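Before we start, here is the structure in question, set down as structure tokens.
Labels for the chains are A, B, C and D, by order of writing; each one numbers its residues from 1.
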Amino acid sequence: MTGNSFGTLFKITTWGESHGLAVGVVIDGCPPRIALSPEDIQSDLDRRRPGTGRASSPRQEKDKVEILSGIFEGKTTGTPISLLVRNEDVDSSPYEAWRDVFRPGQADFTYQKKYGIRDYRGGGRASARETVGRVAAGAVAKKILACEGVKVTNYTVELGGVRAQRLDGEEIEKNDFRCPDRDAAAAMVERVREVKDRGDSLGGVIEIRVQGCPAGLGEPVFDKLEADLAKGLMSIGAIRGVEIGAGFGVARMLGSECNDPMGPDGFKKNDAGGILGGISSGGDIILRVAVKPIPSIRLEQETVTTAFERVTLRMEGRHDVSAIPRINQVCEAMVAIVLADHLLRQRAFRDQRA
Amino acid sequence: MTGNSFGTLFKITTWGESHGLAVGVVIDGCPPRIALSPEDIQSDLDRRRPGTGRASSPRQEKDKVEILSGIFEGKTTGTPISLLVRNEDVDSSPYEAWRDVFRPGQADFTYQKKYGIRDYRGGGRASARETVGRVAAGAVAKKILACEGVKVTNYTVELGGVRAQRLDGEEIEKNDFRCPDRDAAAAMVERVREVKDRGDSLGGVIEIRVQGCPAGLGEPVFDKLEADLAKGLMSIGAIRGVEIGAGFGVARMLGSECNDPMGPDGFKKNDAGGILGGISSGGDIILRVAVKPIPSIRLEQETVTTAFERVTLRMEGRHDVSAIPRINQVCEAMVAIVLADHLLRQRAFRDQRA
Amino acid sequence: MTGNSFGTLFKITTWGESHGLAVGVVIDGCPPRIALSPEDIQSDLDRRRPGTGRASSPRQEKDKVEILSGIFEGKTTGTPISLLVRNEDVDSSPYEAWRDVFRPGQADFTYQKKYGIRDYRGGGRASARETVGRVAAGAVAKKILACEGVKVTNYTVELGGVRAQRLDGEEIEKNDFRCPDRDAAAAMVERVREVKDRGDSLGGVIEIRVQGCPAGLGEPVFDKLEADLAKGLMSIGAIRGVEIGAGFGVARMLGSECNDPMGPDGFKKNDAGGILGGISSGGDIILRVAVKPIPSIRLEQETVTTAFERVTLRMEGRHDVSAIPRINQVCEAMVAIVLADHLLRQRAFRDQRA
Amino acid sequence: MTGNSFGTLFKITTWGESHGLAVGVVIDGCPPRIALSPEDIQSDLDRRRPGTGRASSPRQEKDKVEILSGIFEGKTTGTPISLLVRNEDVDSSPYEAWRDVFRPGQADFTYQKKYGIRDYRGGGRASARETVGRVAAGAVAKKILACEGVKVTNYTVELGGVRAQRLDGEEIEKNDFRCPDRDAAAAMVERVREVKDRGDSLGGVIEIRVQGCPAGLGEPVFDKLEADLAKGLMSIGAIRGVEIGAGFGVARMLGSECNDPMGPDGFKKNDAGGILGGISSGGDIILRVAVKPIPSIRLEQETVTTAFERVTLRMEGRHDVSAIPRINQVCEAMVAIVLADHLLRQRAFRDQRA
């Protein structure tokens, strides 16, 4: 319980179910006097939205954000910012058929076990729809970061086995998958089309890069920067692994390879991923996350009813092939939220007089 | 700040520096009436201790734990349990030479940037010595878990490029590396010896498996069980990546492969790693972490002084080749602490009358 | 920052300004499977509403609550409950005149100092309007308490110097001031009328009594039940003092008078107010709070502009003479919220197997 | 559970039982680079110690503090400060007789109900001995406050019915009761002697005054400065009421009397007690607390055994007549801790760039 808040000084609380009246977030701890408009938030929500992308379903969510509090004359006031997005274009009728079925790969079974009750419509609270609140809060966090020159970028380095071979920043916004390699992006299109036809889905890997992060963020020994980043990212439903810098690659490195030597101009390489001892070093922070395939597929699946009777499930309708496009946006939001939180935490220490 | 506590209902606070008077932990939230003896804790501390293992340094830490509070007539009372281990056999003199040097791969630079002051002796707070408190608290957490039949096991699946090919539970306690494959263990001995002679160090991968965990633990949407596990594990200094179940492997799976089908007897496979929607499903929880090579090596390294002047560093003395043996124990402790915490959190929900 | 949440396991986060679009609350940690209807909440909001009472202003707030999440088929699901009340009948024009004035007894000066920006309309976040969220959350807390047979009652024992001489439970709902003494209630009517004509306002004392509270709630040494109750009550804007049981009266008691003797049937008196050592004893919990006069008065007052120039302030319009009627409801809500939180916290301990 | 920590950014965790091996505190969140010596802490512990004062018992506690971590070369490092005081001169034998008795006015009954187990020796965790940790942490908090020119003073304004009629700061340190009125102090001596002979005990009122507190501390709407102060003070065992500024006196004031008018030089009086809207105004913060008589008295008392059988209790030995002298020090500590915490919290907001 109370697992719906995240952060220490920049704290967000999301609420809402997929097919309820609305979803939203309350942001407590945003510093005052920061210019904030609905457009700042709306543009991130629009990027999150399942759109015309080839990997996405055609459901039209408008996701129009309403700022209910915390802003006065275009600026934050230091009081809680309440953001709300109505759930429109919602049709719960397809879910009636699955009311008493535990869908594979979904949270149906565990929610039932934990709560003894479950809003089965559209996945209820376990729906990806919950991330609307995260993305909206992330947009606010990014405003705080922007004041300090910190920038978060994210892109897809692998999808359905297709790997990006190069990192071309300009390419990212040009394709549906946020892939920084034009050729790989084209291969991803192909891979998605093929799998879509079969009614299956695909996983991938997203990389997040933070530029301009000042040294000193992170609170050892438990709230190390990478620990809070890992928690924030692993709290996203589809993510099954997180790594920083050289990541799992360190398992096969020697100490002499893994250590980043320093020179008068700073670090000579960045296998540490911008964090040492849980504290940002001033270099780029580099993270990668593993995204599992979307569990809702058209292919027939074996499962059980809530009475544990065998049943075969076929989920008709058009489903996304991959969560990659929108998860990108959610990852960016979570990283921004963690950094904004630690930026504020570090300030409390910064100017202590001796 | 206040990054030295971990947990919500079962909360631990560690303190202490490598070459200070002592290290320790305060555990707040241990339920009353659980039998707890110094031996329960001491045996885990002994397993953590750098011992006679071939990958370990010969420093003799006795690490005798003192229980200062919270126990009465052999049982917990529900009040805070304060555990203390004196730092003995400490010689800070070798560190004098590095007082004004930022050692590569260590937290020296970032601590200096963050705090403007730093106890350079033995790494100070950033030392692995801090994990004494974690392991001691983990031993208490394991007592809570044992009351519910939950068991945490850990073992090394990869070291210096040598991978375990099979999982033989009986083998784990028989070799220094906790490797569950006898042949791989022998190859690891060889690999460690070779690297030790060169004065270098090795990374690896540890797997942690939780058996008997009841369904229902985990608090969506941010305190999902895997999110808190990821945070707990990534807060261990040497760990650079965490994955659950199929982990990074999901990136190359189809949805139809990745979903775990259910039958009347439960899940038919466990690629989810025992957690769905952030809540334990009743199956085994399976995690893997990437452990980086120990940064303290005998080989010459380039770095700078605190005045950013070029300097060549040679760290004489005998260093561990890998943190793997003791990190195993720390991983077990952190996983146990997270599970004990969520077990208590779930209880608050469990018996609500309608 | 992040001072807008309250509670540990039953956690509420309020948001909203007096003249913004809406006010509301997110409740995280309400156990699942509790029947909850809009009427449950609405009836408490209606009792809070400034109504036809003689001490109240005639502003007509409808305060219609909207349940946006966390309820499914009439029951709580264990997910966050988001409650929203639109601000209607809002006219900010009178506040234009005070835009650059620090009103005496209000938070204008301190909000300006702290945040450097301030929504001056209707007091902004510092308005009593914020308590709508508290009362709504209190209604939910009361549902949890009702499941355990716990009941919170509140009444006015003093207003404008008029003291209740007896405690007649049936009288409480019969008069505007929730005074449990019919004669005192009549005298209060008289006192209010007199002061209203002069354009001044009145303070008073409210007593809160909790019946049926099980023994064992409260978490020493800092989260003692009376400590959390004191915090909850002192966080209400108008309250300047809190006491439990014999309260400030203990200063003049001997130990032999103050101690509550026990017999086979329990405590023989209750000067402790139902709490010993920070833990509920099973007896009635009795608290009293001092409520200051409403600072908005028609009488001329000396103050300064935001540029610290002398100015004379006359606040025309009809103001409440006392916050007592609605503060009663807010006190009840806060006490219910604290108790629900501690009830859940105690459950995590209750059924530990040895 | 986890009720043994207090504070948000300056967080303390106390541990220890009256007759256990030691008591102590871990302070997490003390900023780095503050000079801190054992004497800084020892002098406050010495003032807390039951001494030669006429209201105090003759038990000789030496209470020698040991700083185990967090200090390097005489300065704080930003890492946790662990402080330990061994329990010496402990004789548990008198408590054997009361092992199965619920002493009136003590926490025996409620601890038994809550935990089902209880360290009966000297009150265990519920003993005033626990406040050693608070006072030690308070000494550290005062160092942070001193850097900003904030000073906390405390004194006894009422004891056993004798009230101080004037506030003479120089008198406070001159008498055992910290009474700021020489004549009242003499009358208190007389009152204590009389009650001591009878084997009874006395209550009183302490006032705490904070000077030099900057405007802007406090985090509405729940972590208002007075709300956190009230919690901190009410968490002290003997305290039964807290009030700020005019306190319970506001119940009989008119709004025109209660409001503090402002002029170009600031507030013209201070009935608000230095806090408006939950935020410090820059004026003196003034609090008063009601202290109950010590429950351990020589006089015969009726009570029950743990089997609920009638028993008559006579607690021989020499008991304190009033907790007033040492509670003064604990109040000062708690107020300092709350202010240090809010000072750090405010910093996170202070220097936000727009």
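Criterion: a contact is a pair of C-beta atoms (placed from the backbone, for glycine too) under 8 Å apart; a residue touches a chain by one contact, two chains touch by 3 or more.
Please read all numbers here as calculations on a predicted model, not as lab measurements.
Enquirer: Going by average Cα coordinates, which chain is farthest removed from chain C?
Expert: B
Enquirer: Which chain pair shares more contacting C-beta pairs: B-D, or A-B?
Expert: A-B
Enquirer: Where the centres are mean C-alpha positions, what is the separation of chain B from chain D, in Å?
Expert: That pair's centroid distance is 38 Å.
Enquirer: What is the distance in Å between the mean C-alpha positions of chain A and chain D?
Expert: Using C-alpha averages as centres, the distance is 46 Å.
Enquirer: Can you check how far apart chain A and chain B are, centre to centre, with Cα atoms defining each centre and the answer in Å?
Expert: 26
Enquirer: Counting only residues that touch at least two other chains, what does the list for chain A look like?
Expert: Counting only residues that touch two or more other chains, chain A contributes 1-5, 9, 14, 31-33, 75, 78-79, 114-115, 125, 220, 344-345, 348-349.
Enquirer: Provide the residue numbers of chain C that touch chain A in the complex, in ascending order.
Expert: Contact set of chain C toward chain A: 1-5, 7-11, 13-17, 20-24, 26, 28-33, 66-70, 72, 75-82, 84, 114-119, 124-125, 344.
Enquirer: Looking at the complex, which residues from chain C come into contact with chain D?
Expert: Its residues touching chain D are 1-6, 8, 14, 102, 104-107, 109-111, 113-115, 125-126, 130, 158, 160-161, 195, 200-205, 215-216, 218-224, 226-235, 237, 240-264, 268, 272-273, 275-282, 290-297, 299, 301-304, 308-310, 345-346, 348-349.
Enquirer: Within their complex, state which residues of chain A touch chain D.
Expert: 9, 31-35, 75, 78-79, 144, 147-148, 220, 344-345, 347-354
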